[in-house]
Amino acid sequence: MPGNSFGYLFRLTTFGESHGKAIGGVIDGCPAGLSIDIDFIQRELDRRKPLYPGSTERKEPDQVEFLSGILNGKTIGTPIGYIVKNLTAQPADYDELSNLYRPSHADYTFEKKYGIPGHSSVGRASGRETVARVVAGAVAKLLLKISDIEINAFVSQVGPIIAETDLSGADLSTAVRAPYGCLDSNIEKQIASLIRDAEAKGDTLGGTVTCRIKGTPPGLGDPVFDKLQADLARAMLSIGSAKAFEYGLGFQAASWKGSEYNDQMTAKDGKVTFLTNHDGGIQGGISNGEDIIFRVGFKPVPSVKMPQSTVNRQGEPAEITIGGRHDTCHIPRLVVIVESMAALVLADHLLRNSLSRTG
Amino acid sequence: MPGNSFGYLFRLTTFGESHGKAIGGVIDGCPAGLSIDIDFIQRELDRRKPLYPGSTERKEPDQVEFLSGILNGKTIGTPIGYIVKNLTAQPADYDELSNLYRPSHADYTFEKKYGIPGHSSVGRASGRETVARVVAGAVAKLLLKISDIEINAFVSQVGPIIAETDLSGADLSTAVRAPYGCLDSNIEKQIASLIRDAEAKGDTLGGTVTCRIKGTPPGLGDPVFDKLQADLARAMLSIGSAKAFEYGLGFQAASWKGSEYNDQMTAKDGKVTFLTNHDGGIQGGISNGEDIIFRVGFKPVPSVKMPQSTVNRQGEPAEITIGGRHDTCHIPRLVVIVESMAALVLADHLLRNSLSRTG
Amino acid sequence: MPGNSFGYLFRLTTFGESHGKAIGGVIDGCPAGLSIDIDFIQRELDRRKPLYPGSTERKEPDQVEFLSGILNGKTIGTPIGYIVKNLTAQPADYDELSNLYRPSHADYTFEKKYGIPGHSSVGRASGRETVARVVAGAVAKLLLKISDIEINAFVSQVGPIIAETDLSGADLSTAVRAPYGCLDSNIEKQIASLIRDAEAKGDTLGGTVTCRIKGTPPGLGDPVFDKLQADLARAMLSIGSAKAFEYGLGFQAASWKGSEYNDQMTAKDGKVTFLTNHDGGIQGGISNGEDIIFRVGFKPVPSVKMPQSTVNRQGEPAEITIGGRHDTCHIPRLVVIVESMAALVLADHLLRNSLSRTG
Amino acid sequence: MPGNSFGYLFRLTTFGESHGKAIGGVIDGCPAGLSIDIDFIQRELDRRKPLYPGSTERKEPDQVEFLSGILNGKTIGTPIGYIVKNLTAQPADYDELSNLYRPSHADYTFEKKYGIPGHSSVGRASGRETVARVVAGAVAKLLLKISDIEINAFVSQVGPIIAETDLSGADLSTAVRAPYGCLDSNIEKQIASLIRDAEAKGDTLGGTVTCRIKGTPPGLGDPVFDKLQADLARAMLSIGSAKAFEYGLGFQAASWKGSEYNDQMTAKDGKVTFLTNHDGGIQGGISNGEDIIFRVGFKPVPSVKMPQSTVNRQGEPAEITIGGRHDTCHIPRLVVIVESMAALVLADHLLRNSLSRTG
């Protein structure tokens, strides 16, 4: 069943297992004439690399190789195919586990679905699959840049440490350079320390990523099933380990009264402004021109280096202790992935919106 | 831009504005031979009717009329077309407002998108559009019933009142009969009182709906973009006023450690069981056979009967007080809509899953 | 399995069986602001009515009723839902045949597919289904008219009578008013006579329809799978009884040499012209600005009023003589259907083409 | 605009320009557990190689490299990504032509569409793109083989030489081994001679390919827009240089009477048989179990080595003589491409059909 494509007009199809030859993708629908800044794309890829203490020891060069769709630095309207080779796969790490289901991993469900034992198809469930998303997200960002749409995410929580941030007007570019993806250097230190402790115990940590999209013109999104927030929610929940999504006031909105919640409006010299942005920049499924703000919650990586109760493929109880190379905390690496998926959604709806009216 | 279809194999396309002639839909992809219990479908439709104090005074009979796809009480493999007529539309209620944007409504964004002034296309953003979803969701439920998949939702929060519920093994059928859709009669009373107070002030209330899906076989969902939770998230965020979605532990998972969070497994007589269900029944995007549990957060209906600051279509500041017929609290009416959208997702993935393997 | 939608950006979904309550459709993706000339749409519907000697005696009023998507005579960007009621269905005509498969009809194949005996789902295979196509095609024509794209088809063959026509510069509007849809009144008379003879014998006749699309700008169509001719071919072969499609020189091109076939070019005052139009207005899957010309071949209606050898549902040999109301020759009624399907393809690609380039 | 995918359930997405690094594809939707015979796939690729006198001098090794989706010789349910490298691209051949539009090529239309001068995006319109189709078609054939569906095509016409063949019961496997893809060695000789003559003059030749699909169970295809013949027609017309498609009696059916045309039925021992197969194995858009037979017409390759009148990019008249490496007659190379596209359609509908009924 086809399930490896994303987007209607700016459409990404991906392939590749963690332990196969390569991860790759095809971007179909990117307009001709877009300047492709390969260095920028490579830098985006580098942002998901495990460079901080507490990230996996699997270090891939992750050089993207474009195979089609670009000539003399510009898109030519044909599909953009690309691959990123897997150079350091160590399937042997997995062999000893191949008879045991790793708890809260996809081993059990993939086997039930595809009928194939062992760590075969489950290599598709690896975080490594997101390499293909980041490349396409970077191309989408280049398209969005023409319309001055800018997307920035940052780590807003790791374990119990929560960064309270007033996003209105904040400069989010600092998060890009922070090893743990935070806006605040104090929070950054606390998180570094927390991750160090967890790593020492072989444990793992979850967290949240918050994202702000600036510069969206009013009109992006469709009224019913393809509401902008619906597509963003799907995009975010399609990221492995994501458990929750909210935009604007999110779950808090449930306890507010309409009279307090509503984003009232005013105008000066014909320019409309909103007194608040509780709706997070989207009303009726369509952007209103305010910042789009959303938050994504992630569970900890399930690969803990501690004994856990599980079951083997013969249906007998067993104990498992997972070795191999894994992140203690993957949240900082998710920042660019959240941005990339948001960029894919926005690029798609930017193209869609050009079709709203005749003439 | 087409944005009014939902689902890949069990596919719903809807149409109709709140103040037009009818709301309708086409279900394409329902297998032949499914018994259609019209009474059940009508009862589902009745569940979204505004029958409790604090719901809108617009009372529509909401009789579904099937036009195709069913013969002698069974589906015949052709598309199922249906309409529900709008009999009590009062466009006059809206005329006086047609020069003002209602705060936190879709008036402003729709006009920016479609270039059409007045309450025209925005009739598509009305909650009335969900009539078409409930009919299709009811058909999906009939299909799921064959595989013993059962979906139950209930009101888990209105304003500050939160129902704490242990869902494992709970009988959720009582919520269907409770006017405010709660499991607990005490909570029900508190909510009734809260809504009464808000109604007296012309204010509105938000809340949350929690949903449990029982009986899902392992294997539903696809690995990458079409993860089961991604499709559920999209489905829920496509409901008007939804602001947030989480499944399993949801946002809480962000603060847990992997060693505590992981759903460890055991087996007895070859039957696999999970010691916990923090993952909410989905791992790697695919159902694991446990209960699928998720929660959706909704903002209050924006139509408050109190003066609000806004802007008119000429871009001048103005004041608006919204009259007409509106819900003080729409959360109880959302229960069946949440179930319906979940049913559409599950029916789609049930059909998809039959294609996973050869032979 | 969903199979009742057509188009990617200008998207039609249809429903309805010949002997059910109504035929209907939903147009999703029509831009807002398009003026809808209801009289024109009704006139298009009238063109497929059986008004000439030799057409079925089933006479339906075929009044289209729009349910959504249009306000004050203009589209508003939301889906356009519509129905055309079936008022003169006579299911009894079919009862006596319900245990026999009509030769070259869909009875046998539908039963094998859907497992349902009798003339149930096969009502979807009726020519009456095209009512929904004509309504949508008429809306598409209105959209194309803004870009000065004009579509005209005519009957170019019935049985052995073939109309040889030089299409370059011909006025095709006369075919609209001719009872049998021909350009030439002499051919029209021969066809009338041929149909009269066949009717007297209870026999039926096939034929071809030729179509010309004027005013297409260069650039419509996509390079690989969605070539303009590929979508036109699919559109035409999706019409019941169609057996063949060719564009430009068509099958004749197989016997030509490249040096004679190629459409050489020249220019005058910077304006490019083609010396010939053997390619029929499409090169590399994309329109070149010349007239798009294609031809569709149709088999005779299979409902002959003569005894035929067949099989009953018990798998025994039997004889069948089909009564009821059927066309002796349906080719003249196909003219507007060919045009409608072409209009759907062109409207779709017109919208697609606006996405080809940045800026 | 995405236009590089084909199929709904067995879904192929391709990429790659003739003069770029590689041609590639992603097959999404192939069920897990299918044995992949790499040698067979490579042999299929070899069938489209230019090995006969009169074919292009560009000789590519065309080794397929699978990057994902296959493990231990079997599909694992994840997308199958693959590439075939372009090793002998000679862009210099094209440089001198880059200011002139080649007649009946895609140069002019691509430039009008994408706004990019030169032979850039037009590399996507090259016959080399079909490499990706053949790989996917071979995988589809392996899937069809499980259900005993067999697809064979052959050259039925080159220029004026037409092979008259009775297909019922014929052994079509000989065409695979014939250099020019014919069934009859006498025809083969005539074609060889014809091509030699054309080559000497720098001219090119068109032709037709006929295809037979054996073993299709009744029930494949959908009733309205996705009729089996509609999808086959689209598949065939999506092949570069294809101008025409017909199935069963095709255009001839237009001149037949219903009483002679209809495929009457009989039965023996409960087994239904058809007395004729004028419908070509499809009725009402759905296969009836008889052989599916269709024919595709192709124009000559437009690259003739003779002076032609054309226009340059400045809009001035010019003369062009095309050099480089091109086929004098590409029809024999199209045999495997026709089969491949037919295999993609059949595999898609085979999967679709499993969803027709409940239980």
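Chains: A, B, C and D, in written order; residue numbering restarts at 1 for each.
We adopt the following convention: contacts are C-beta pairs under 8 Å (C-beta built on N, C-alpha and C of every residue); 3 or more make two chains touch, one makes a residue touch a chain.
Computed from a predicted model, the values in this text were never measured in an experiment.
Count how many hops through touching chains it takes, at the least, to reach chain D starting from chain A.
The distance in steps between these two chains is 1.
Would you pick out the chains that touch chain A and also touch chain B?
C, D
Identify the chain pair with more contacting C-beta pairs: B-C or C-D.
C-D
Using the average of all C-alpha atoms in each chain as its centre, how far is it in Å between chain B and chain D?
46
Just curious, how far off is chain C from chain B if you go by their C-alpha centres, in Å?
39
Need the CA-centroid distance for the pair chain C / chain D, whole Å please.
Chain centres of chain C and chain D, defined by C-alpha means, are spaced 26 Å apart.
Residue numbers in chain B touching 2 or more other chains?
Residues 1, 3-5, 9, 14, 29, 32-33, 77-78, 110, 113-115, 121, 124, 223, 355-357 of chain B touch two or more partner chains.
Along chain D, where are the residues that touch chain A in the complex?
Where chain D meets chain A, its residues are 1-5, 8-9, 11, 13-17, 20-24, 26, 28-29, 32-33, 65-69, 71-72, 74, 76-81, 83, 110, 113-116, 120-121, 123-124.
Show me the residue ranges of chain B that touch chain D in the complex, using the header's touch definition.
Listed in rising order, the residues are 9, 29, 31-34, 77-78, 143, 146, 223, 351, 354-359.
In the complex, go through chain C and note every residue touching chain D.
On the chain C side, the touching residues are 1, 3-6, 14, 101, 103-106, 108-110, 112-115, 121-122, 124-125, 129, 157, 159-160, 198, 201, 203-208, 217-219, 221-227, 229-238, 240, 242-251, 253-259, 261-267, 270-272, 275, 278-280, 282-289, 297-304, 306, 308-311, 315-317, 352-353, 355-357.
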